[in-house]
Structures are given as structure tokens and as C-alpha cells.
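One structure is given below, encoded as C-alpha cells.
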Amino acid sequence: MAERLAPAAPWRNRRVLFGGFVLLALILLALAAPLIAPHDPLEQDLLISFEPPFWRDGADPAFLLGTDSLGRDILSRLIYGARVALTVALVAATLAGLLGTALGLLAGYYRGAVDAVISRLVDVWMSFPPVLLSVVLAAVVGAGLKAVILAIIFVDWTRFCRIVRAEVLVQREQDYVAAAVTIGLGRARVLVSEILPNLMPILLVLLSLEMGIAVIVEAILSFVGLSVASDAPTWGGLIGEGRLYINQAWWMMALPMLCIILTVLGFNALGDGLRETLDPVLRR
Amino acid sequence: MSLAYLIRRLLMAVPTLLGIAIVVFVLLRVVPGDPIAMMIPPGAHEQDIDRLRAFYGLDRPILVQLLYWFADLLQGRFGSSISLRQPVLELILGRFPATLELALAALALATTLGILLGVAAVYWRGRWPEAVVDALSGLAMAIPDFLWGLLFILGLGVLLPVLPISGRLDPRLETDFRTEFYLVESVARGEFALAGSVLAHLVAPAVALALPLTAALARILKSALNDAMSQDYILMARARGFGKARIIWRDALRNALVPTVTVSGVQFTFLIGGTVLIERIFSYPGIGNLAIGAVIDRDLPLIQGVVLTFAVLFIAVNLLIDMTYVLLNPRVRHG
Amino acid sequence: MSALLEIENLHLELAGGALPVLRGVSLTLAAGSVLGLVGESGAGKTMVGKTVLGLQPERARISDGAIRFAGRDVAHLGAAERRALLGRAMALIPQDPMSALNPVMRVERQMTDVIRFHLGLGRGAARRRALELLAAVHIREPERVLRQYPHELSGGMRQRVLIAIAFACRPQLIVADEPTTALDVTVQRQILRLVKELQSTAGTALLFITHDLGVVAKICDRVAVMHAGRILEAAGVAEVFARPRHDYTRALFAATPRYDRPGETLVPVPPDLTERLLAEAAAYDAARRRHA
């Protein structure tokens, strides 16, 4: 019974294509890492440390992108780093989205005291400096992927909550909601089966953008040294390591940065592209 | 703008600050991860750990700790840093001027450049400068400030070393600063070589910090300016013979700045938060760097002190933004 | 007496010719006289005014005809030349005083800006002139008004300020685009009287755009009647009011409420008349296209 308006061919939008491609490539890399990566990312061999990448003289074709200070293959470490990035992006963004959306739905639909409490909470929450908050959180919760994901959820749910709440406020005035209520559908039913589907476009956009943010936050935390256990490769951690040897082997820092930039640009493009194509639906 | 309004805003800030302080305080003690255990080398005696815990008051119930902490705060005692073994207040006050100089430099850069780019995009509307501004701002906004910082370090550190990428000034220069405001003091004392070094060290971190805000400002201002330019009073300005450049600058800009300030307000606070990482990346000795160090070392008193400081800064910035809005918009001034 | 403003066979179109706005408009305005331009909304009256000033929308194109101001072609002026004329030799009194003043600038600055720009006066001299102008538009406490922002003034006062700005550089021609339409009825009459007074004192030519024949009667010397971008009738006010020649003019009279004849029934413009006129316009367009 919900008024589902058809999206306008998002798969033809240039940005969506680019972003979608990035996402798929990331998923592929992450899933097939053990098959694709030429070496074990943790395998050290101090005899072959600082091998140059393929575009420089004296490069070893076995190590396309060179090796780091402990002789570990950079390409393999980058590929495995994609795993962490993707995991964090998908899990953290989805969970943050779930939490924020749930609270936003409640606040926007039931109004009253519920709305007052949630809105105030969001206001205070958003007045915290996000970087500092996530850093402090990750520090106190301890190291590990779980901590990073928790930190992201903890900080970013407010983003979803605010926007979802605003949308719900608009939607609840629409005719189809009134129609559903007159038929006798309970308020919770109306919320979940009528209003929520109409929020899907905007949720998709937010999710895409949030994935980009999650990748960045993970990179920040692992750069600072607060993410997963030290050995497991993460892009941020690789940047941190590369920073130390920037004069001898600048590519150690540049390559993971490139990965992050491409990924973030991809997610942003996906989000922006989706917003473009789904906008006529959003703008009522 | 009345004094009463200002006082009211300041008073409203107090409970927020209190809330933040309490939340951080409790969080630090509730979640798993024993700071004391992290400080002590492995294999230490149980009694030593207990003694240390008692010394920092971490063995008492949380509520009691909270009360003691408040009592200390009111007497101006912010505790002592566990990792650096100095009073927290001293540490923060010592590093604060450095961050202030950096933040203000970035702010000045961002507002000037952002406004210029926004105006340029409107003046050359429909032509290539507008497209360039759009593309550049899109790029600058997508890439977070810490990545820009790292890019600069790559570029300036390795590829084209024209600017320094660490510290506040050349370690070889002789200095006897009386304040921590290196830039201001060196200019005031006429020691321009010194000032030059300080300035050179500010460039890379300040630009990295400023880029996302610049991009946001340019975009938002461009949109607001285009709105303003379609208004009747702009037609009247044209009917009086004023040229396009003059109209944009003198008639439309003031009007466009009003919504720009509101919408971009939050971006300014991101700049403050950005100092944390940027200072770390550029080894710049400000409170941002201090904050990261404190977190990594699980230095509770220092973390609390730094978080409170940032919270105060945030509130101050928000207040300034509101004041700027009122200054720009005469309709709000008279109630 | 050669005309100050001559509009000859003016054709204005939008959308690359698909949408004609002005269909061969010809008007003359003698120096120091007042020409009323009447018609319903959408007749194109405002477009005539804006095109004379060169302020028509960018997408609109002058496809034929000429506009001469003091013998000089002003339809196709360079930007710099036009800027020298606007505000100085020609000025505009807008329809909506609410939105025509810059909300973030005080009245003084909005007035002295144009005075200093065209007359090159210093700040003190410009301020004095602004005060003179405010007095001329019968604003009490001009000193206080100078310091105020537009939102602190009433609609009538804002319009007085706009009128003052229009007359500031003693222009030869002023286009008044329905300046009383957005005002309260009581204020309308005051403003009309004010405009007439200033116009006759300064000897300014006035192109007065309005949909209200009552207004025309009060201040115009000549009147032109417009419909669908065409001039249907143009003559002296006395003549048109006594012996209207075109059916449409007669219909307009019948539709205008007259306060001195309160018992009269109002007759709206008959739809078949409107249809006939629109058909004539379409035929005109077709004939033009054939000859193009």
C-alpha cells in the first residue's frame, strides 16, 4: 500500500557507475585476498627490505610495489588492508545507520517527550568534536576492529538520526499515511511498512557517504595506532609506517594514501550520484 | 546585541560543559582497559599497582571520584599528567598559543580564499572559472584534512622541499621567547628572520587544515550569492548604473554571507577538531598533538583536561559564529 | 518638439523566437510629459519599461525595431555606456518596495551610493543631498530615516525612499513600474500626488506603467493601451477618456471601478473580445514569420 516511487535509472549516472565500480572492486579484493595477494602480508624477510616498486631501477618483479622496512610485500599488505577497510565500511556504516534510523524514526513519528529527549541528545552529541571523540573512545575501549567499529557507530549515528527524523516529519503529513491509519493499521505498522520504504533512497545515499567516512575514521585510528592489532595490515597503519621512512621510500606512504583517496572518492561519488538520480523522488 | 543575550548564552554553555566533563570522566573509568596496568612495566608487584591506583584515586567508587574531581576543578587544580608528570593546566596553557596561531592562520586563509573563490564563481557564472571552482572544491571537500596534510608532507617533504614539514620553527635558530605566541612576538620584536621561520612552518599545516573549510565556504557562498543576485534589490542596483563586480561585492555579498555563516558554521568547528591530527602529522607542538599523545598513553587526567579544553573552544567558536550572524543580519538585531 | 523617447516598432521575443513578448510596439514620450501605459497583467507593459532601460531578461532578444533616447540608439548599447545612462539620465521606480531595497544596508548608504557614483560628490555633500531628497518626498525626521534599515520602515516610506533615489540625479526619464500597486489604498493616493509633484517640478518625463485607468486620469498627459504585446490605442488622456476608439479601451473603462459613480455595475472584459485580440496577435505573428 505504500507509495513507492520508482527511482530514475541510477545505474546510468556516471557518478553512480564510478562509485559502484569502486565498491565492487573493493569487495572483490577483500573476498579474494588470499587468492590475489602474491605473498603473505605478514611474512617478514629483513634481507629484502625496502625493495623499490616496479617503476624504479632494480625492482624485483616478485614484489610489484616493493617491500617495507621488514621486507613485507607492500602489494599484499594493501590488498589485505582492503579487507579491513571494507569490513569497517560495511559493518560500521550499516550499524550506525540502523541505530540512527531507528532513533530518527521514533523521534520523528512519535514526537512529544520521545522526540524531545532524542533531539536534545543529538544536539549535545553533535557538539562534540568528532575526531577527538572517536579517538578517545577507541583509546578507552581498547584496540581491535570491534573497537573501531564501535567508535564509528558511537559518533556517527547522529548523522542518520537527524536526517531521518526530518524526513519522517515530512512523510507523516502525507496522504498515504493518513490513509493507512484510517484503515486501522497500528502506528508501529505504519512506521515500518509505510514510511520506512519511502526513506530508502535517502538511506542509500547516507549509507554510501557514511562508508566513505568510516574508511577515513578507520585510517585515522590506525594511523594513530589505535586500531587493530599491530601486525595486521590496515591502510592507515601502512601510512603511519610509511611516514617514518618517507625519505627513503616515499611510496610506502603514498600508495596506501592513494587507496584511501580512491575509495573515499568512490563512495562519495556513489552517494552524490544516488542523490542526483533519486532527488526528484526525495523532493516532494 | 545586548549584554544580557551574551551572558545568557554563556550560562547555557555551562551545563553543556558539565555534561561533557561528566561523560568523559565516567567513560574513561567505566570501559575496559586499566590505565594503571598500561603504565606499569609487566611483572610489577601487585602492591605497587594498588598503591599507584590509590594515588590517582582510581580505587574509589566513581561517584566519589567525580566529587573529588569537581572539588579540584573549582579550586583550579586540574590534576597532573600521568605520562608527562607535569600539572595538566601548565601543559595545556603552554601548548595552547601554538594551536591558536595555527587555527587562526587556517581560519584567515579559509575565509579569504573561500570568499574569493565563491565570488569568482558567481562573477564568471556559466564560464570556465565557475567549473574550475566547482571541481576544486569538490575535490578539497572529499579528501579530509589529515589526508591533505599527508599529501603536503609527501609533496613538500620529498618531491619539492620548499617548505618545512615539522615543528614550529627552525631548530637551528636562536630563540628566547617570553610568550608562547611565536609569530606574534617575533613580529612585535621586529625579528623578521625569526618570524619568517615561524610563518614558513605554519604554511603547510595551516593550508591542510584550511582546505576543506575553504571548499565548503566557496560552494555555500556561491549558492547564496546566486540567490541574492536574483533578488529585486539587485535589479534596482543595475538600474542605478552599477557594474557587475561592484554589485556582487557591495550589494550582494553582505546578504549572501548571512545564510553562508549559518550553513557553514559547523565546518568551522571541524577546523578546530582537525588540529588534533594535523598537529600530529606535522609534529606541531600544540594541544592537538598533546591530545593524541594523551590518548595513546591512556593518561586520564590529561585526556580529561584536553577534552574539556576542546569543548570550551567549540563552545567559544559556536558563540562567535552566532555573534557574527547577528552582526551581519540587521533584522535579527532589533528583535 | 522632438520626443525624448521614441520606441519604434519594437519586437521582443523569448525562447529564440517561439515566444513573442512585444509585437511592434511604437510609442513616443515628449520631454517633461507623462505617458501612461495601461493594460491587463501579462500585456507586456513592464517589459516595455525594462527594455527601455536595458534591463530585460538576458534570454529576451530584441528582434526588430528601435529605441531612441534623446536621438540616440539605446536598444543596443555597450555595457559601459548603459551604466553611464542608468540612474543618471534614466531611472526606475519599482513595483514592490518591500524587496527593492537592500535589507542589510542603511537607507543613507543606499541613497548616497548612487549620488556619489554619478555625481561624484563627497560623503558630506552626498548626505546633505540625501536629506534634501527625503524632505522633497515629504519624509518627516529624515535624519532618523537615514540611519534606519529598510525593515524598520513602512511600505509607504520605503516607496518614498525609492522615489527619492530615482529622482536623485535629476534624470530626464523615469520608468515607474506600477509603483502604487503594492501599497495600501490610502497610501496610494499620497504617493501618486508625490510623484506628480516631483515630476512637474523637475520636468522629468515619466513612463507610468499601470493597470488602473483611475491612476492614468490623475497624472498622465497621454495614454497608450496595450494588449498581448501590441499597442491598441494611443492618444491624449482627455481624448481617450472622452472618446475611446478601440473596443478594448471601452471594455477597460467599463471594468474600472469609479469612486465618483458608485452605483455603476462593473463589466469584466468580455471573453470574446479577449479571444479576438489574441487571434489578431497570432495572425500578426504568422504574418511576420511569412515575411521573415
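Lettered A, B and C in written order, each chain numbered from 1.
Everything below uses one rule, namely that a residue touches a chain if its C-beta (ideal position, glycine included) is under 8 Å from a C-beta of that chain, and two chains touch if they have at least 3 such contacts.
This one's a predicted model, so the numbers in the text were calculated from it and none came from an experiment.
Visitor: Per-chain Cα mean versus the mean over all protein Cα atoms: which chain has them closest together?
Guide: Measuring from the global C-alpha mean, the nearest chain centre belongs to B.
Visitor: Centre to centre, using CA atoms, which chain is the farthest one from chain B?
Guide: C
Visitor: Have a look and report which chain pair racks up the highest count of C-beta pairs in contact.
Guide: Greatest number of C-beta pairs in contact occurs for A-B.
Visitor: For chain A versus chain B, what separation do you get between their C-alpha means, in angstrom?
Guide: 24
Visitor: Based only on mean CA positions, could you tell me how far chain B sits from chain C in angstrom?
Guide: Each chain reduced to its C-alpha mean, chain B and chain C end up 54 Å apart.
Visitor: Roughly how far is chain A from chain C, centre to centre by C-alpha average, rounded to an integer in Å?
Guide: 59
Visitor: Do you know which chain C residues sit against two or more other chains?
Guide: In chain C, no residue touches two or more other chains.
Visitor: Across the complex, what residues on chain C touch chain B?
Guide: Those residues of chain C that touch chain B are 53, 55, 79, 82-88, 91-92, 94, 96, 99-105, 113-114, 117-118, 149, 151-152, 162, 165.
Visitor: Within their complex, state which residues of chain A touch chain B.
Guide: 124, 127-132, 135-142, 212, 216, 220, 223-226, 239, 243, 246-247, 250, 253-254, 257, 260-261, 264-265, 268
Visitor: Could you please specify the touching residues of chain B with respect to chain A in the complex?
Guide: Touch residues, chain B against chain A: 16, 19-20, 24, 27-28, 31-33, 142-144, 146-147, 150-151, 153-154, 157-159, 269-270, 272-274, 276-277, 280-281, 291-292, 295-296, 298, 303, 307, 310-311, 314-315, 318.
Visitor: With touch defined as at the start, can you tell me which chain B residues reach chain C in the complex?
Guide: 231-233, 235-243, 250-251, 254-255, 258, 328-331, 334
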